[in-house]
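Listed below are the structures to be examined.
Consider the two complexes below, in which chain A is the common component and chain B and chain C are the respective partners.
== the complex of A and B ==
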């Protein structure tokens, strides 16, 4: 057996699992999207692109797409801005508490998404801890949940631990001797950071942002529980179509649309990253 | 479409439930879990099983939509025998051939039912419970008790209102009630949407989590939309703090129908249970336990329990004759109008 054949053989279990757990269900989903829903809500088995046409002609679909992209990009950027200094500190510190601090940074992952959101509802609610504190010091209270603000806060928090992990992985290739060389040549710490450290961490920044973006655009629990019925994104529309209006073809078509949209964005990101690296 | 195809899709949409092996006995009843399961088991399922002729096993489901998902999944090999679900969803199951058509010849108890119970289920299973839309409120804060929906428009409740907006059927029901009050025709909703747009800035949430009753109890909101049976339960559990209002503008029924699954392995037991569930005995027991309106006209409900359901003559007179099958055809249009005219006017 050649090395090439052995390689394929080793990949076989993973390929089989991928086919069974992802590709086959996606094929079924694609097939369902070609069915139709009658005016009375009945599932009509057919082969038609009518559901896609209906969605494409609905201005609301484009508005939801735009809102989903803007929300996800904003949350990914916020998460990155918050995670970067934290990850850099964790990477550089020689404290004996380093591992404990790293665990603390990703601790939210140990709690279920729903549990975290319920915690946010108690903290950010109209009568929650934040507003109680604002009221106590004489400042006007703020509406921090049941709107886009709440969803932005919740989503940023939920994707931030993944961003920290992606940055820490990327920082592994950062050579501290380069910063020392910059300092030896007279660069102040801030200048050394901007001219040496930051450019070297750009691949990690790019990967961390993309990971956060992908997680944010596919998130359902946070927009659903913290949006107060005011926040419509692709994931909530798919949920409503599947479980409320029982329009399975629309739910399937929206799922396929979201998948294609994400693939196109990831390909664009990959192309841009390669060009930047070149 | 092949059954495996639908099964896999259902799993992909998260609607599948664990499948149980087919069995000859007992019949498997799928319906709502939680307090409905606790109470229905106590006063209907256990007495039926105690009779000994046949047995029923309760399978706790989630929403009617997820129950329909299971029926679609199991179309060619049903693992369930009886299903109690919302009438609009049951109508789809009936149209898709997932449940049996029932006639008085098969089920003589049908002749004892309220006419709306028969029409609510169409050719398939009839209504087994009536519920109706109510407004729940914090009785400590709202004094004197309100009588009209208009109480929610008072500026002092700004930010203290919870409304379950469409596609939740509570939002559709509220719109229909307001349309009927405005124009005398629940289908003509222009006036209702104008009024809802005025209410929108006062609404804290259009998707209460976990529900309006709990938001009142934890002092998050003062008014919320709800269903009577649950509202009465929370009223009792909260020692009266959750007030229940059947508005002067009227209300609409939410109907649950009972259906025998087509091709059920335990059809005889399923039919026997259906007959028992519709009987005056079971109807009386469940109404007096959970305040769902009885669908059997022969059920002799205790006056104090009847007064808390739509069975009381005074309450029944305020039920608007809404056809949910017709409503389904308006649902998409109303859903869009809520988003564009109401929710968009309610930025926070």
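== the complex of A and C ==
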């Protein structure tokens, strides 16, 4: 038996599982998107682009697309702004708490998304911590959940650990001697950061932003629970079509649309960063 | 290099934002109130009591633990040989790419696709259906960690064993596998935790008689917000902490992660 044959044999169980529970379901999903739903809500087996046309003609689809993109871009940006100092701190510190702090930065990943949403409900809810503080100084109740504000805050937090990791991975090439050289040459810390450190970390920033953006646009649990049914993004639309209105062709077509959108955005980002690097 | 005070303050703000929901969940699981309000009017263990008395939750917890264990074993059984083939370069790079492909998809889309594929086979809300779905989600993690672990092994040791007359299978069992054990334990831990916390794909594939703990938590949060959800979230966190600490005591988890 050649090495090649042995290799395929070793991969056989994994590939069989993947075919059964990944490739084949994805094929079914693509096929389902070509079916139609009749006026009475019945599934019509056919091969047509009618479901896609119906989605494209619906102004709501474009509204949801725009809202999802704006939400994800905003969350990725705020996650990056919050995570950047954390990553820089972790990268530079020689504290003996460094390992503990690094674990604390990614600990939320080990906690279910629902658990973190519950924490946000306790902070942002009408009877939550923020409103308790507002009442204490005589301000009226602010509704911070079941709306876009809540989703923005929750989603920012949920992608932050990944952003910290992506930034840390990118900081690996940062040479502290360059910043020291800038300081020796008389640059103040802020100037040294802005003219030396920050430009050098731009590739990491760009990669971290894209990762956060992709995760935010793919997220379902946070928009669904923090939005309380009043916030509509692509993910919640797919879920509602699949489980509430039971319009499987629409759910499938929306899924394919979301995947294509993600692919286009990632390709565009790749082209842009290559051009920026050149 | 020294960390500026400005950076440290901004980093502390980031940490505060990131960890505040975890802190609040832990605090409010000890609330004596009927609703998730802060500050609570008193402290008690009543919601942990309510959790333990909740038969449906206990059943879901049993399902989750069993499911995560089965999924971990099967994913290791399928992922380890595949990782060996990838690490040794015995299969084309496309196979490695395919093996990590499910990670790239939004879990919502994968869950929907699995629902559409498993429904006609009457596998929705069954053990095989749920296990199959979870295996696909954890397999990429197992293959990646094991590929890294196996690639890092010095090839000379295997060559030496072979030169001394050991058959390829014996080399694998007596040399490769023991050396890769820390990586395998890290992979198993991550597989267990990912399966245990998985919610989006499971949402599509559970039923009234078969549900997981994370889905139960999600459903409960959808409809009500009393401190029971906080107690349940804390219980889930506790499982994670216990798993990580146990593995750390056994093999040094932080070391293992650092190496892979």
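Following the convention adopted for this analysis, the second predicted complex is superposed on the first by the 254 of 278 C-alpha atoms of A that agree within 3 Å, B and C clash if a C-alpha of one lies under 4 Å from a C-alpha of the other, contacts with A are read in each partner's own complex, and residues count from 1 in each chain.
As a convention for this text, a contact is a pair of C-beta atoms (placed from the backbone, for glycine too) under 8 Å apart; a residue touches a chain by one contact, two chains touch by 3 or more.
These numbers come from a predicted model, not from an experiment.
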Subject >> Clash or fit, chain B versus chain C on superposed chain A >> reply: clash
**OP:** Could you look at A:6 and tell me whether it touches chain B, chain C, both or neither (first, second, both, neither)?
**Re:** second
Original post:
Which of the two partners, first being chain B and second being chain C, lies in contact with A:42: first, second, both, or neither?
Top reply: first
**OP:** Please indicate which partner A:225 is in contact with in the superposed arrangement: first for chain B, second for chain C, both, or neither.
**Re:** both
**OP:** Applying the touch criterion given at the start, work out whether A:136 contacts chain B, chain C, both or neither, answering first, second, both or neither.
**Re:** neither
Original post:
What is the contact status of A:147 with respect to chain B (first) and chain C (second): first, second, both, or neither?
Top reply: first
Original post:
Who does A:251 touch here: chain B (first), chain C (second), both, or neither?
Top reply: both
Subject >> Partner chain(s) touched by A:185 [first = chain B, second = chain C, both, neither] >> reply: neither
Original post:
Which of the two, chain B or chain C, is in touch with more residues of chain A?
Top reply: C
**OP:** Give one of first, second, both or neither to describe whether A:32 is in contact with chain B, with chain C, with both, or with none.
**Re:** both
**OP:** Based on the superposed arrangement, let me know which partner A:277 touches: chain B (first), chain C (second), both, or neither?
**Re:** neither
Original post:
Which listed stretch of chain C (61-69, 115-123, 151-159 or 169-177) steric-clashes with chain B in the superposition?
Top reply: 115-123
Subject >> Those residues of chain A which chain B touches in one complex and chain C touches in the other >> reply: 24-26, 28-29, 32, 121, 125, 127, 224-225, 242-243, 248, 251-252
Subject >> Interfacial residue positions of chain C with respect to chain A in the complex >> reply: 1-4, 6-8, 10-11, 13-15, 17-25, 27-28, 35-39, 77-79, 81-82, 84-86, 88, 90-91, 95, 98-99, 101-102, 105-110, 112-118, 132-133, 135-136, 139, 143, 193, 197, 199-200, 204, 214, 217-218, 221-222, 225, 229-230, 233-234, 236-237, 240, 244, 254
Original post:
Any idea which chain B residues touch chain A in the complex?
Top reply: 1, 5, 8-9, 11-15, 63, 65-66, 68, 72, 88-89, 91-92, 95-96, 159, 164-165, 167-168, 204-207, 209, 219-220, 325, 328-329, 331-332, 335-336, 339, 343, 346-348
Subject >> chain A residues within the chain B interface of the complex >> reply: 24-26, 28-29, 31-32, 35, 39-43, 45, 60, 121, 125-127, 143, 146-147, 224-225, 227-230, 232, 240, 242-246, 248, 251-252
**OP:** Using the touch rule from the top, collect the residues of chain A that touch chain C in their complex.
**Re:** 3-4, 6-8, 10-11, 13-15, 17-18, 20-22, 24-26, 28-29, 32, 82-83, 85-86, 88-90, 92-93, 99, 101, 103-105, 107-108, 110-123, 125, 127-129, 132, 156-157, 160-161, 176, 179-180, 189-190, 217-218, 220-221, 224-225, 235, 238-239, 242-243, 248, 251-252, 255, 258-259, 262
